[in-house]
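What follows is subunit A paired twice: with subunit B in the first complex and subunit C in the second.
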Partner chain A sequence: MSDLLVGAAVDWSAWIRSSEAVAWLLLAIGLMFALPRTYRVRQRVGWLVAAVGLGMLIGDSVLSSTARSSAAVFWGLASIAVVGAVAAVTMTSAIYCAIWFAFSLLGVAALMCFQGAEFLGIATLVVYAGAIVVTLLFVLMLSQPRGDVVYDRLSWGDFPRVASPLLAIGMVAMLTAIFPAALAQGAASSKGLPSGDSVARLGAYLFTRHLIGVELAGTLLLAALVGAVAITMFGRESVGQEEGR
Partner chain B sequence: MTGWWLLVAVKVVIVAAGVMTAAAYLVLLERKLAAWVQDRIGPNRVGIPLTRIRLFGLGQPLADGLKFIFKEEFTPGHVDRWLYWVAPVAILTVSLAAFAVIPFGSVLPSSVGVEGEHPIQLVVAPGIHVGLLFVFAMGSIAVYGVILGGWASNNKYSFLGALRSSAQLIAYELPLGLGILGVVATAGTLDLQRIITTQAETGCWFVFTQPLGFVVLVIAAFAEAARLPFDLPECEQELVGGYHTEYAGMKLLLFLVSEFLHMITGAFLIVILFLGGWHFWGLTGSAEEVGWFRAILRVVVLLAKVFAVILFFQVVRWSWPRFRFDQLMSFCWRVLLPLGMVNLAAVAVFWEVFVSESWLPGGRLGAAIGGWLVLIVSGYLLGRARPVIADNRPAATLMPHDIDWQVP
Partner chain C sequence: MSELELLQAYLVVGGLLVAIGLTGFLVRRNLLVMFLSVEIMLQGVSLSLVAWSRYHGDLGGQVFVLMIIAVAACEAGIGLALVLMLARRVHTLDVAAWQDLRESGVPPHVDRRIPEAEVPAERWPTLPVAGVVPEPNEEEEFYRSRV
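The block that comes next holds the complex of A and B.
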């Protein structure tokens, strides 16, 4: 991976003046305003600005691409993921956050399938769908409905609210600028891979090259399971003793 | 390219329309069956409209559909409007999407191939190697529809139904997966078509070699479809209507239809994984290329098997009382989960010993005998251990040690 990135040189001084950089900046500013605080009006402005930025990015990439239809599909799926992620951090109601997170993962899984990683995409869906359902249940049982309380509605602190969108968007923007060249190299080196049933090959790879890692993870999960059972059993014992006294 | 799009469109229309119509007529069948079990006559009035011909009530699904469509779309004032609207749409979308990878036959002969001379695969999205996993993913997304519907309704009964449903579906996904794993391990693929082909080529359906896995899968499929012994998410006697109490008209119809679609998906899975799919000895053959007669015969065999399984689902619905919730949970965690693990271990051992390495003579017959022995022994041991609490006395008459014993 690292040698791929070294090989990819980007002319940063030209990049900073391109329309792409402006789009990323708009996205960051929009996200900054969209993060929840007491005034909802500003949040709408933030969503609008972020949408304009995202639209610029998508338009730029689709129009400049040689394979327009596949670029359009990619950016359609990617914007599902991005819109879901932005909405997940900006919504004021906890349940909407969880739902948008699930929506974002749907986009990510679709992207993986689109790139040919069927198993990875659908496994993401299976694993995360169940996990988010559990999160959702905790949200439903523990939080206030509709974000009616202040601590659910405000994002934390003034400095992080400004710094985190800028930092995150900056990082993603730089990676996006670097990756096309790196990906071209990667694609060139992975030409010889056989196509076909990827699941069997993935399984063979996991259980030969990474056997110890898989076994370790399994042991860890087993330990967690036994620990959970032990905690509930000891907990009930102590309750019984208290009642006995 | 146009031909390809046309092919996909035709398949989508056939599957979607076929499945929806089937769901409508299965409702009629279910009502007739209920009437038969309860010694009534059942719906027999609606026949051809504007005439006096009754036709055994075959027009009933049409009338039901029209009633649902023209009913007032009443949205209560206290609901969360967005999620109230999203929930039924989401659940119907994913339950229909699951049919994208479920084969409804084998192939059509190459003489009608649109692109060159390839035979047409009778599945909407051929070439997905992880079809089984896809069905699973759609099933776990369907939980969102239930939870969102229950929460958005802003009603205690709906919410209770949603919570029960999510707990039940998450719990029963484990035995479902364990029941399937044995088949996946022995067939060596997650592709539904290839699983059928494996069974057709050997002539040995997986129900013969892995009977315990079959039992676990069938029970878990009942729970995933929330059919009667497991229909706690919407038990009428306790929760009014469960998670769709506050719904009416078209939205309610979407919920009810997708529930039926879950059952149909479950029946397809049972047939494809354990009952040989489109294969029947001496009738369908197992070749990749088939003539018209064989191709149609395979579709008929598959659908007949699915129909039989659905009939079983419906007879069970009118024969069994409902579980209590603690029984439901302890049944899953204390009975089905261990059974599923025993099945997986047994299948792995027997397959290795008898079939793939053949250390012992017997081949598939040996594996089958081993599988049935495991089924009988584990069933006997479970019967001795009695892990499911069956004490239904009201709490007031119980002694304290009874209550201690009941808390799982």
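The block that comes next holds the complex of A and C.
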């Protein structure tokens, strides 16, 4: 791995001036302004700038691709996932956040199916969108009857709001810049998954090589179930004692 | 798209999801939105694992993603139960309510100042013009916007 990173010579000064770097920068700045702060006008500007950045990235990738039609399908699905994620992180109302998260999951599940992992795509949809988002909406309605509250309209202070999008997006951008050079050097040729019924193959693999892992995951789920019930019951008792005092 | 190109594109999307989730987790103050941000980060990791799994022709990556889904379900159950209990105790979902959490006997330490809420000036509807246009009364408008 260290060979890959050391050997990957990237011309950073040329990269900084490339349109790709500008696209990443626009995405980071857009995310920065889209994160909630009091005035909504700024948030809309942020969404717009982030959309322009994402569009530039997608346009670059599609145009430079050798097979444009499949690249366009891929980036269409990917933009569903990314746009949903950005909206889920930046919306002021937590209910909208949950709904946009479910939208983003649609994109992720579709990307998994695109990759030949149909079972994982369906499982993601069933477990996340079916169970977790519904539970989340229940908790939201139980705990927060009012709509627009101050801690949703304001995020943490200016420093985290400016620094974290720039750092996080910058990290991904630099990794992306290193990637082609590193892979061209060290990548073994791809084998690809064998064709055929992918679900049946995954099932056979799962229940032969990873049988103990499956059992452990089941046990973990049972323990989590018991734990959640215990937290809810005992937590309620202690809240009752505090209020009765 | 060639296999290498596809792998790169998947890793870019996975990395973007992780970056967006990380930003949301660090910046947002609502407990539930922070929880959602963590889930977004998990999605990014899952996507990268699936991509590597296809690239190497090894189903181990997909099995790993199944385990991630199982752990995420556990995390959701316990996390949401905890959030519910915390919200019942302080009647808010704000994490800032818990930032002075400490043992008894330890002096309070607030590591981050809570940003102040700025109240935007409200605009009230005005009546349509009829008769003589009154002189604008600046003092009255000053008080009006703060009713």
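In this text, the second predicted complex is superposed on the first by the 178 of 245 C-alpha atoms of A that agree within 3 Å, B and C clash if a C-alpha of one lies under 4 Å from a C-alpha of the other, contacts with A are read in each partner's own complex, and residues count from 1 in each chain.
The definition used in the following text is that contacts are C-beta pairs under 8 Å (C-beta built on N, C-alpha and C of every residue); 3 or more make two chains touch, one makes a residue touch a chain.
Given the structure is predicted, the values throughout are model-derived calculations rather than measurements.
Trainee: First (subunit B), second (subunit C), both or neither: which does A:Leu140 touch?
Mentor: After superposing on A, A:Leu140 lies in contact with both subunit B and subunit C.
Trainee: In the overlaid three-chain picture, which partner chain does A:Val199 touch, first (subunit B) or second (subunit C), both, or neither?
Mentor: Only subunit B; A:Val199 stays clear of subunit C.
Trainee: Report the partner of subunit A that touches more of its residues: subunit B or subunit C.
Mentor: Answer, by number of touched residues of subunit A: C.
Trainee: With both complexes overlaid on chain A, does A:Ala102 touch subunit B (first), subunit C (second), both or neither?
Mentor: A:Ala102: touches subunit B, not subunit C.
Trainee: According to the stated criteria, A:Ile16 is in contact with first (subunit B), second (subunit C), both, or neither; which is it?
Mentor: In the superposed model, A:Ile16 contacts neither subunit B nor subunit C.
Trainee: Check the residue A:Leu48 against both partner chains and state whether it touches subunit B (first), subunit C (second), both, or neither.
Mentor: neither
Trainee: Contacts for A:Leu220 in the overlay, against subunit B (first) and subunit C (second): which applies, first, second, both or neither?
Mentor: second
Trainee: Just subunit B (first), just subunit C (second), both, or neither: which does A:Ala123 touch?
Mentor: Once the two structures are laid over each other on A, A:Ala123 reaches both partners.
Trainee: I'd like to check the shared interface: which positions of subunit A are touched by both subunit B and subunit C across the two complexes?
Mentor: In subunit A, positions 119, 123, 136, 140, 236 sit in both the subunit B and subunit C interfaces.
Trainee: Which residues of subunit A touch subunit C in the complex?
Mentor: 31, 35-36, 38-39, 61, 65-67, 70-71, 74-75, 78, 81-82, 85-86, 88-90, 94, 97-98, 101, 104-105, 108, 111-112, 115-117, 119-120, 123-124, 127-128, 131-132, 135-136, 139-140, 142-144, 149-158, 160-161, 164-165, 168-169, 171-172, 175-176, 179-180, 183, 187, 190-194, 201-202, 205-206, 209-210, 213, 217-218, 220-221, 223-225, 227-229, 231-232, 235-236, 239, 242
Trainee: Please output the residues of subunit C touching subunit A within their complex, sorted ascending.
Mentor: Listed in rising order, the residues are 1-13, 15-24, 26-30, 32-33, 35-37, 39-40, 43, 46-47, 50-51, 53-57, 59, 62-63, 65-67, 69-78, 80-85, 87-89, 92-94, 96, 112-113, 115, 117-118, 120.
Trainee: Residues of subunit B touching subunit A in their complex?
Mentor: Listed in rising order, the residues of subunit B that touch subunit A are 80, 83, 86, 128-130, 133-134, 136-137, 140-141, 143-144, 147-148, 151, 159, 163, 166, 170, 173, 188-191, 404, 407.
Trainee: Would you tell me which residues of subunit A are touching subunit B in their complex?
Mentor: 95, 99, 102, 109, 118-119, 122-123, 125-126, 129-130, 133-134, 136-137, 140, 146, 197-200, 236, 240
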